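Structure first, then comments.
Per-chain numbering from 1; labels A, B, C, D, E and F assigned in written order.
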């Protein structure tokens, strides 16, 4: 291939890749001036959220009772600005209607600001629940030397902050962003929690890599999982076109005080009763009565 | 330890660590002026590739039919420059011959530019296949709300972009770089696909963490995997020195329309026939006839 | 919600989140001027360590026998400075005594410098062991094309550098930092090795995602693991308050020349004898005699 | 001062500095969501303008006839986006009316986009004039080795790009931004050209530090200045309140082919006729007839 | 020169440049752990100071009466931390005593914190004076369209912020840092004000490039300078070794309401009386009586 | 202008600006793969040079006799690499021959490496001269509190480092780069020294803004200038085409021990004899006998 041929080939490739038909369905042709939610901005939002919820451990590591209100105030203002902008991007993304008027955009911008405020107003409550998650991680792990170590090092805490914030967004029906947030934690920790799942307090996951918690899971209080646990769907009813029907409850219900050991797999809308123990590598597709155990006899 | 002793000890450590014998086999003493392939540059190459293949979702999120050709043109030119340079680094790395002449270097630089162009010319085709992968992910997952969500959030898409680009490099026998690219996706998504594997269209992996697809795997079309699936080698024949013989087909062949559920393990050069279903946590080391199922009876 | 209400609500949230009671146990109110160990600085420390231990592969990729001592010298000096500062932060973090005098701080700063020097003095030895780990990875994998590929691409090498440096810190009883370092490798590679584990030479892990090696594990030489292997605790004795007793040996002992295949789970203080083979997905809670195998009969 | 007193004093200072009365007239309390024009963005705008006007010398230094249109296209699109946003900020800044409706904002955003486009449409003409400026600098300086050196090194070229772009903005009555742009060149080069001045083609300034060209100057073609030249106002008529009346022509008119040597000072609305020469350190406050010289007799 | 010779020559140069004798007096061999004041940190300090003194114009351009106290609080805390650290560096730099005890360092650290607080406590007053400087610039310049333009664009404002903060440090006898701060403004604006000069309120400089204001100048209120004005020393008395005697008043005293036009030079400890006017390019080495003018007759 | 018209107008502008004729002489169409010298890289080269010549004041501010050789070694290696690359770019820029063979490029690369080494080998000598410049600045200024302050703050030192390095490049006939280096100092300090000027030891400039030293100046030892001094050309002989003849000596010769006060202007190939004093604002176009003074009588 001569140098000239090479240039021509590359230019032909530019043409081919710029042909609109070629990226049909793969390219987001979004509304004028409304970009997609941005991974980089969502990372900043998560950093800010962590630094507000667990001050001193994340963000500015110098915390001081005399000045903490200034820091919380500045971060919260910034968080509201960034979150409003991203929620607006998510709302625009979800809306297929291309001929949006300026008035609609203005109303939507307003709505985004209010949704962002609602999420932030849930932070005091999120902090309270995170405190129980930290406690559960510390108390359940003989290797933990203190709650400081748990907050600084344990992947479950990072995954839960992302999930608990994303779940608030999910409840407000914000599109796209909740899932992007939990996938960021998935990439960072190997823990994949769908933002639609409902999870109680004092929740913990040890090690965590490979854990999957599906969109319609309901998890009680004081539940503990180990690495590689799947709380998944068994099969999904198809519609008349052979496509899975969306939105049907299809993942397990885990009651209070359940422990599920490493690599266990629980599939379908089954109920694991209060106080149950599921052994490592177990395969569960039926309900378990409260206080029962399912452990492999070797 | 006094301050003076400390300084002396540290200097003795510098001496010890600078002793050439100490890093024999651990240090790349490369040819004059030819650095190793660089992780940072490969990250930029992956970012560029993603932004060319799925414009609007990656890279500059503002895409516009009027100007897209300018963007594709600029990115493709930059991609060719970076990729040529990295391929050259890979070629130099692989060549143990230390007394390379300037003429060889010049020929190799030329070759690197042509190889980079060949990879880029495959992009229109890669985009076509990725479109089927996105479609498969969307249709197979009741939790997916649209193809936009699949492209933005699903780790499998990131892993497949890296794999499909790396596979083109692998077919052109470019050393080192294909594996670095798939390991970058492995770190980001927990999905470990060897660049040597051959994978058909409409391929998808749900959740993905812990999936392993070995170097000599052959995977058909419309195949779906879940998290934790291993398509591995069972054992490898040793040569007369007791070392594994390299390059022998040793991983499974997966035919069209196969589903393999979470944490299943399939080992060795077995064939899983068309339309088979392998249940979660299953262990398979023999061929499966087409349209058969292997599911745990509890 | 009017704009004014929104502002008031956000300010009320600032008040709520600044209320000291609300972040009790969640906020590190550290000693004057002594920040927490910093994730960003620890990343720099790991980068420096990698570039010193495996020059040419990490850090400045241009290595040259004529000038390598300058580079090692500069990096080692910087490493000592950063590590001393982080160890000091770790020591201050662990010390709950709030009324520390300036003299104590000065003594502690001195101690941190000495501990950092001790860790660095172990680097020549760490490099020697890493050389055996690279060798083991290369020889055990038919897909590996050379030790250069192993060092550049294999996640196990990154995980082992972090672990082997962290283990030196752990032996010197430095708080918090060893665990932060191994969690950084956990996030990057999916391999979770507790810094307290003891691991011999010629150690390797293939693929790696989901591997867990507990705090009191003892692993011999020439041991090979595959992805998803758990070396965990079975159960932990509780104290009279119902809390797990910390510090008791509770993880497996793996003797020399053992191979453990993908997703196997070994729990409790059992001993896996020399030369044993544990098959994929196996579940082991009892000792195994030397040279025995435990493989699933399909 | 004890530590406690220090904290109290600092908090009292925070209170004092947050007291609205204290920053009256010093703080821009801008309209909701409309920030001030940003120095950083204006720097990016200047960089882009330079890279479009003189491709290959500024911005991406690799220019290639085959692909230059892609680069110009991408840069021009980005320039339009950034410039629209900054012009909008400038328009909002200038408008003191606080109770702006959303409709006004929408109209203003539209206007900003059109103004930005108008500035960009003047770029082909600006490039033509800059070509004459480069030529004049090269031909007038025995130390210049080529036009490449002039473009790469001579501060006058940087100052003129900023001025010529700023002057287009000034003609369109965009507030604030033109002056910010010429002040950026002032800081970089020591050459202070008011964006309101009118300057012909083939203009050059040697060395440049200390040159001042006032807002109502009119400069012909083929004019050359040296460092330290002031084209200033002599005195300004005051209004009845004793304040200078704004907008009256008060700076010199310099006709074609004039040379003004170092540190000369020309003040007031005087006319320096065609072909005049003003010697170094001269002081001129009266008209000069064409083809006359004013040089110090030692 | 062969490649080998080149390497040897460079290594010989390393040896030569590392020879301690060669950098005697040119290298700061500072006390253990106490670096020099850092240009980068001082830039951050200036940025912070500007953003506190003129909120909305510098730093975060979004200012809002509801949250400004949070911003001032956070910035002021950060400013105190950075300034304390730099003052400490300055104190250590100035102290030639090499065998400093840890106790001295501790006392000095304390002192640095108090000095930094004192500077910050002067900010409300500095802001008040700056308000008069902005007013003077606006009222004296027919080209100024508003005080916003003055604050955003006029170099004199930047130079005066640096000077007024540096002067507070100078009064507290902090070494090195005041001069570094005013030199930063000198580089940015071409205005060189020694931090020791004393300058009243309503001070302004038009254009500014080349202005020099010496260390012992005393300038009254409502004074206006133009570009290129020098307020310098005429000659300095020498000591018996022929070296200039440091610290003697040797620069002009400028009384209230004086105007000094472009490039005028006033040298020595002369007094320019109230209301005087000094014309452009004038040379003054004697006292001027109040209300007199010195203007060139052409 | 409608949105569609706007897009069309912008695209027409792209076309106009991409038309090769439009940037003739303004665009560097350089040889394949050889970019222009880069301002950013030259800044890094200057930073490195400063940190090698005056260790502890520039670059890494922590200097330590035990480890300084490592730092000098690393910096010098990096400097050689960057400087070689930039010199190569300069050589390619100057060579108008478009059909350069690969062999020529290879020879030129070799030459660039040798030229870079020669410049670096002059550093021990440059450091010696800079030591005298620092001494001269300190001794001549009653406001200087020590040589540390001179090195840290005085713009003349920065300008002289750039000049003295650039002059070495100039003597080796490296194109473009020397001038770019001195222009960087010009922008930073307002001092414009042509790299072709020859300047002796113990040279100093007070304040500096506006100083111009022409290409063929010859300056002796122990010379002191003040701000605004011009050592320029008076007029240049024209060739038969009316263009200035390049390369003729046309700037002043300043002998040892001369002092030239602020804003003095000396023009043409005149000789200012040993020990002369030129007063502020003086205008000199004739020789001055040794030990004479030229001072304004007021």
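To be clear about the criterion, a residue touches a chain if its C-beta (ideal position, glycine included) is under 8 Å from a C-beta of that chain, and two chains touch if they have at least 3 such contacts.
Everything quoted here is computed from the prediction, not taken from an experiment.
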Listing by label each chain that touches chain D and chain F gives B, E
Tell me whether chain E and chain F, two copies of the same sequence, contact each other through the same residue numbers or different ones, using over half shared as the line for same. different
State, to the nearest whole Å, the distance from the C-alpha centre of chain B to the C-alpha centre of chain E. 56
Mean-CA-position distance for chain E and chain D (Å): 26
Within chain F, the set of residues that touch 2 or more other chains is 14, 62, 64, 69-70, 72-73, 77, 190, 209-210, 228, 263, 281
Spell out all pairs of chains that touch, sorted by label. A-B, A-C, A-D, A-E, B-C, B-D, B-F, C-E, C-F, D-E, D-F, E-F
Any idea which chain A residues touch chain C in the complex? 52-57, 61-65, 68-69, 72-73, 76-77, 80, 113-114, 117, 120-121, 123-124, 127-128, 130-131, 134-135, 139-149, 151-155, 188-190, 207, 209-210, 226-228, 262-263, 280-281, 296, 298
Contact set on chain A toward chain D in their complex: 7, 11, 14, 66, 70, 102, 106
Help me check something: in the complex, which residues belonging to chain F touch chain D? 1, 6, 9-10, 13-18, 20, 22-30, 35-38, 93-94, 175-176, 179-180, 183, 186-187, 190, 192, 194, 196, 209-210, 212, 214-215, 228, 230, 232-233, 236, 243-248, 250, 263, 265, 267, 281, 283-286
Chain F residues touching chain C - in the complex, by the definition given at the top: 62, 64, 67, 69-74, 77, 81
